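This is the structure, below, for whatever I ask next.
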């Protein structure tokens, strides 16, 4: 009879979690720290190690969402990862150049991101390296374009 | 702090829980209640549910109040309202809203945006028709007998007063003293007085500004806004060729 | 001989006499011989039995259809809603369904086994109609009264699963295949307890004909009192046999769409649905006949009315169980059938034998 | 003779799934060896459509994300927009929002109960839960004027205040619902066939549930005490006195049990919020164009954690609006729940997961 896992009081405050990250990953830039919120910007190369570190040591158990955003000249993939023990939600932005939008997949770490990454690939065309089966989830297979990109004008002949 | 979960101990398969008798007792009690007094279902075409006054069926219009400001057309999420010229006995050829009920999702935004409460929300929802054209209600067909409950009024507070703290006043929807104002950028204005012509409420009038146009020797006129009449419909902002007008929001 | 049969023989004699007179009037030799042959005993006997069977079939089907009306109305009241509203008190709903079903187009799946596809429904229907004949309404309103009527009824009843299997297999559709296999497994699993309960009734009453069983119960007591466990097992097995809600898996809408009858569209589907209710009517009739003393009851209303009112009350319990429970899985039904109902039936048989040996009855 | 495996399409149009989605199931005899949900049949391109509408026009569109609990999506959108604009709803509007959200939670759970009733085969559960849901639809219809898509929250507050003696009606309905909930529960808890269909089916323990991203009642049924109303309180949930309902089994019965207890907790919240609502304005005038930037907000939807991420570029139309639907992830975590169980368990497992395809496909 498994016991109930309880998250009543946060173990560590937001500040010392961010200090851990600053010390461990100098190249990660901390944009803003608010009560129960943390905004980071990570370069593409360091991102997977940051996630591993957050999952194992800082006990970030849950990946809420993977959001691709098309900023005309570059892509940004925004990850929302929340830690229930410390009552924190971290927003990690990763910038990707427009010509090769690839980033490491975090599905091996958090299974919840599986379909989010497939949807990001399907609607925005961001390729996630290491994803178990990266194929389209919403649109049929033979579609060649990605509708959520800004250069996709609505209503053109498909 | 958690609900002590009532553990269902899965005892032996066939237990003397009455197996299904307790449920049968409950259903029988329900059956007796349903036969003694009427069951809770109503026979739709003959009996109809009573709806509150503010029930949001199709949008309706009170033609006397409508001033043709097209704020409802701008506010509609599905773009199903269009301004159509119709012949009114007293006002002659004017533009009034025509609603395509085939696209309308009955959200009530148009009645909320209407400054003079001409657009109202009627409780009518039986809208079947034989053709899609039948669902496009022109302003005359859109009319509906008016009742006080159909109007959508809301009262709001101002952000600046909220942040300043202290006593917070609430303002009605079409309170003339508190709403956004139109601002003129004098340099760009070529005083073509097109905005004065399009303003539905006649809130703009061209006023001499003292200078004289050197070439034609006539005084230069620029629009002046009468805030009590203005309903911020932004038709003047859209029609200005030099985009000299802009909206300054009151916060 | 039942009064129904006697009256009908007089009627057929009069009828055939009329026909014979007509044929004689034509003054042709062989026609008048034919007329005389018509009036001989075997022909009269055959025609009157035929008439009895037709009348009996129509009354039984009418009461079967009344079951559908009763289910719709009562189930509605259980669920706090009105039943059907078509026609006076909803009676016309059955005929409306009938007309709709008759007007539907007859579709046969392309690569299905056409012959078997047609045959399955009529085999299922034939076994149901044959069963109508076995059950008498009262001691002078029945079709046949052979000594082994109960055994004959159960034998015909066992014919059902074959037609379901053929129907499921021949319509060449994955879902109907699964539905057909499940239905057959369930019917067979629940038939054994059914038979044992009937055996216990036969042990106690001493003979196998319905009229005998009911007259025994009239003299002694209703069999539901001594064999209450048997009655309960019979009731549960009957719900399973007629595939109603707790054991309704063969055509569980939730996952198998319509079970083995998915591909049948028109009159065949209508007949299949109707014969489900006819089988429920037969099982309720069996229950009243074996345990509630058939048409035994005080004289102020006819015996047939007693029998029918008890059948409708038993069917009310069928509906009540349907309103209260959810559908259970196939393996749970089979487990229930083999591990719970069978021991109960055997215990009931022991009680019956013990009562017989002790000479209580 | 090993029976080879058979792929069955419990396809887009199937009596058991609510909404258009397809569950491809590989069967070995009757037990499921592999399951793959396929979605996308109801993809309306909501996020692209939203990019050419102004902020106030999107409010009624946010209702249409999930028709079962439209108010929680409406509220989530308005809360995210308020964070983006940097404004805050007045105090009374917050209390009104919490009260109406909890009413919507009870309605959504009753809609779920209706689906469970049809899937498990008992139409009495279905009709009785519809009748109970009707009580709450009348309440919300009296408040906002619509029965399902309320369009009640606005950026900066709520559409209108409570009609007169609304609190008396709500308390009266809740007392009546208390009695009827006891009937509903005895219809199922003391019903042996219901327990046979639900106990021990679709098991999932806490650890795998957490890793697969499950949230909401399904997660709490597997023994993880995670509720965003307590973990990351928004509006006025800090000072609402209620308990989080959890269960440790993680099977279909536990999920059912958690939702029934949650209905009781919601009733407590509604009563408390109604009583403590201070007087004052209910709406702040929101500016037309937000400052450049982005905002994120996540709330406890009746189905799980729903999150919205909004990016604005200073104009009056959002630049990007991402919606994280709880059902999208719960559905991706459903195959492990199905393996090893029989095909006639699929409706029981999927029915109790409270599918809402509108928000999954967007």
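Going by the order they are written in, the chains are A, B, C and D; count residues from 1 in each one.
We adopt the following convention: a contact is a pair of C-beta atoms (placed from the backbone, for glycine too) under 8 Å apart; a residue touches a chain by one contact, two chains touch by 3 or more.
Quick caveat: nothing in here was measured; it's all calculated off a predicted structure.
J.: Using the touch rule stated at the top, which two chains are linked by the largest number of C-beta contacts?
T.: Here the largest contact count links B-D.
J.: Which chain has the mean of its C-alpha atoms lying nearest to the mean of all protein C-alpha atoms shown?
T.: Answer for the innermost chain: D.
J.: Find the geometric centre of each of chain A and chain D from their Cα atoms only, then give the gap between the two centres in Å, rounded to an integer.
T.: Each chain's C-alpha centroid was found; their separation is 24 Å.
J.: Averaging over Cα atoms per chain, report the distance between chain B and chain D in Å.
T.: Here the centre of chain D sits 28 Å away from the centre of chain B.
J.: Roughly how far is chain B from chain C, going centre to centre by Cα mean, in whole Å?
T.: 63
J.: Rounded to a whole Å, what is the gap between the Cα centroids of chain A and chain B?
T.: 39
J.: Going by the touch rule set out above, which residues of chain B reach two or more other chains?
T.: If we look for residues of chain B contacting two or more partner chains, we find 1-2, 20, 23, 26-27, 30, 40.
J.: At least two other chains touched by the same residue of chain C: list those residues.
T.: Those would be 78-81, 246, 323-325.
J.: Multi-chain contacts in chain A: which residues touch at least two other chains?
T.: 4, 6 - these are the residues of chain A that touch more than one other chain.
J.: What does chain A use to touch chain D in their complex?
T.: Interface residues on the chain A side: 1-7, 36, 61-65, 67, 69-70, 78, 80, 82, 84, 87, 89, 91, 110-116, 119, 123, 137-140, 147-148, 152, 154.
J.: Can you list the chain D residues touching chain C in their complex?
T.: 6, 8, 10, 14-16, 30, 118-128, 131, 187, 191, 193-194, 196-197, 342-347, 351
J.: Which part of chain C faces chain B closely enough to touch in the complex?
T.: Contacts found on chain C: 74, 76-82, 85, 246, 320-321, 323-325, 335, 340.
J.: For chain D, which residues are in contact with chain B within the complex?
T.: Residues 53, 56-61, 63-64, 87-88, 90, 124, 128, 131, 134, 141-142, 144-146, 149, 151, 154, 156-157, 159-160, 163, 183, 186-193, 195, 199-200, 225, 243-248, 253-254, 257, 261, 265, 280-285, 287-288.
J.: Show me the residue ranges of chain B that touch chain C in the complex, using the header's touch definition.
T.: Residue positions touching the partner: 13-14, 20, 23-24, 26-28, 30-31, 33-35, 39-41, 43.
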